[in-house]
Amino acid sequence: MAINWNALWEWANPRKFMSWTDRALPVFAVLAALMFVAGLVWGFFFTPDDYRQGATVKIFYLHVPSAMMAINIWAMMLVTSLIWIVRRHHVSVLAAKSAAGIGATMTLIALITGAIWGKPMWGTYWEWDPRLTSFLILLLFYIGYMALWEAIDNPDTAADLTSVLCLVGSVFAILSRYAVLFWNQGLHQGASLSMDAEENVADVYWYPALVAIAGFVLLFITLVLLRTRTEIRARRLHALEMRERVAEQ
Amino acid sequence: MSLISVKDLTVSRGGMPVLEGLNLAVSKGEILVLRGPNGAGKTTLLRTLAGLQPAYAGGVVADPETVAYAGHADGLKATLTVTENLAFWAGVYGGHDITPALAHFNLESLKSRPAGNLSAGQKRRLGLARLMVTGRPVWVLDEPTVSLDKASVAIFAEAVKTHVGAGGAAIIATHIDLGFEETVFDVTPYKARHDVVRNDFDESFDEAFR
Amino acid sequence: MIRLFWRDITLSFRSGGGFGLGLAFFLILVTLIPFGVGPESELLQVIAPGILWIGALLACLLSLDRIFALDFEDGSLDLLATAPIPLEGVVAVKALAHWITTGLPLVIAAPALGFLLHLDSAAYRWLIITLLVGTPALSFIGAFGAALTVGLKRGGLLMSLLILPLYIPTLIFGAEVVRRGAGGFLVGTPLAMQAGITMGAVALLPFAAAAAIRVALR
Amino acid sequence: MMPDLGKYAGDVLMAYGITIALLVLLIWRSLARSAKVKRQLKDAEERRKTHG
């Protein structure tokens, strides 16, 4: 099937973007709310306790989706940053900027819910488990990325530098992941309790988890569209204010 | 044959066009003096000519190793001596001899002094002496005579004349009369217009980003 | 390029150049640790590899904001950017000079400080080797971070925030080599990983850093 | 209606509570900034029409 790539880019033209998101945003918002509430209500009220983990299994419906989002949002930021570097597409880099705050929140949720889950399981809130540690490092990367955006006045300069940071940061994030695996394996023999879906989670838990994941994804889409719209307006505002300042001289 | 020329150039500061529709060319032996009020965009234009900033629209045509730029800061290290500072830049630009430059800007007696102990005028002279060791034909100078006294200004003007006489050229933003046979270029009429509603501004939202 | 290298070296040795500051910082840090954790030699011996690596890392960080910021302030960076040498080369040379004046002294001083922390005698060899292999990566990663924040007000703090997470892999592998060396285990894998990181950083980061500087200058 | 959460009730409720609080904070901040920028942009567009 032939795809008209130029038409695809058109969707991300700022003006076009503002107009289609204006219509799409309410739809996504309603869907996100429905799926999110459905997934969590199903998970919280209508799933049995695990014979070994008891009611803590219910934390999965928060932990698994937020952890997935934490990683996928960074991947999305990497892609949109690359698009900015290659195609100088403003909406793209603003989407990356908008996503960072959501990604950081998701990482924080994954960390906190992981720690709460770990307390009854491991007997401690914090264990330097490779997974938890990697998420802590990911949170640092998110914070650094956002701090760099905040620190630079000129929006184009900020877009360029944060994109470069995102690129280099991605490489180092992956390196850190391997380094952390290596590091902890050296100290503790035997992995801690794995939370992989296929190993521990039976269908009765997996279906509501899928709904919850869909809810988180839709929530992310809704928020990232809303925040990108805000950033586009902020950019136009910035441009108008610059014009005013120049005109006053 | 011009050493450097610009065609339909628009230069921008902080993403906003400040000067637009510029057309100029400088050939061997020419001195171009830029005039215009503060904040008009002279510095921006010079930095664009030096290749430090990308053009907003249009372009600069010049061989990549044409321009020697001197901005507001002299690029001197306070703990290095006058000779060391100059020899460093000479080395970076391909190892030209520094003695003529020292002699020309009357710096020989200060040779072994750390640059940090020089007066403002002496520093400026050292910064300008750097131009002579670059071996590049077009000097692009931003307010070169700031903090120079009358005698030093004369030394500087003499250096520019010698350079231009030897087949170089200079583009200088300055407020004072240096006594050159110069072409004056007033940037004021080229000020990018923001007071009127630009047509393209409303046509495409993209424009708001540029 | 060689000129630039010698200039940076000379500058750091002249008064106010900051040579030795990193070394002094390293010494103070190692002196403070026993006050914090107690004087028991068994405990110090256990934590020594980590402390020495973290000390080296922080001492390195201390002098990084000077690497481009001073040249930016006095206009040298503008002039270097228009000079006939590629900016990537400028970055690489400046990072190398930073390593010679900061990283190398740390490598040389580390064994003496390891002595203070009762570092296991089998580990000294590996401490020196791993620092020698790892500290260039610290300088080159740091140069990238410094390039990102050049020209920013209060850039120093932000620079630390950006650089330190990037140091994690180097730190992990470096400390692991020393720990394994102390225990008499094989050190091949972490050492190879660390060498890989260093080579990657030396080869690629100057390009990223030069791109960042070009953006910051315009 | 409330399911029996057993001895882990506190942990589970805390996890849900903190997550929902964080998400509400995120959504509220996104909406607040959206409203603020929208208002400022409207003002700026008005100014441009009247003066420009």
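Note that the chains take the letters A, B, C and D in the order they are written out, and that residue 1 is the start of every chain.
Following the convention adopted for this analysis, contacts are C-beta pairs under 8 Å (C-beta built on N, C-alpha and C of every residue); 3 or more make two chains touch, one makes a residue touch a chain.
On a predicted model such as this, the values are computed, not experimentally measured, just so you know.
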item: Touching chain B and also chain D, the following chains; value: A
item: B-C compared against A-B, more contacting pairs; value: B-C
item: Chain located farthest away, centre of chain C as origin (C-alpha); value: D
item: Centre distance in Å when chain B and chain C are each reduced to the mean of their C-alpha atoms; value: 37
item: For chain C paired with chain D, centre-to-centre distance based on mean C-alpha positions, whole Å; value: 41
item: Where chain A and chain B are represented by their mean Cα positions, the distance between them in whole Å; value: 47
item: Rounded Å distance between chain A and chain D, as computed from the means of their C-alpha atoms; value: 16
item: Of all residues in chain A, the ones touching two or more other chains; value: 236, 240, 243-244, 247
item: Interface hub residues of chain C, defined as touching at least two other chains; value: 218
item: Residue numbers of chain B (touch at least two other chains); value: 195
item: In the complex with chain A, residue positions of chain D that touch it; value: 1, 3-9, 11-12, 14-16, 18-19, 22-23, 25-27, 29-31, 33-34, 37-38, 40-41, 44-45, 47-48, 52
item: Of all residues in chain B, those that touch chain A in their complex; value: 14-16, 18, 39, 192, 194-195, 204-206, 208-210
item: Chain A residues touching chain B - in the complex, by the definition given at the top; value: 13-15, 18, 90, 153-156, 232, 235-236, 239-240, 242-244, 246-247, 249
item: In the complex with chain D, residue positions of chain A that touch it; value: 40, 44-45, 49, 54-56, 58-59, 62-63, 66, 101-102, 105, 108-109, 112-113, 116-117, 119-120, 219, 223, 226-227, 229-230, 233-234, 236-237, 240-241, 243-244, 247
item: Complex contact set, residues of chain C against chain A; value: 144, 148-149, 152, 154-155, 158, 161-162, 164-166, 168-169, 172-173, 176, 179-180, 189-190, 193, 197, 205, 208, 211-212, 215-216, 218
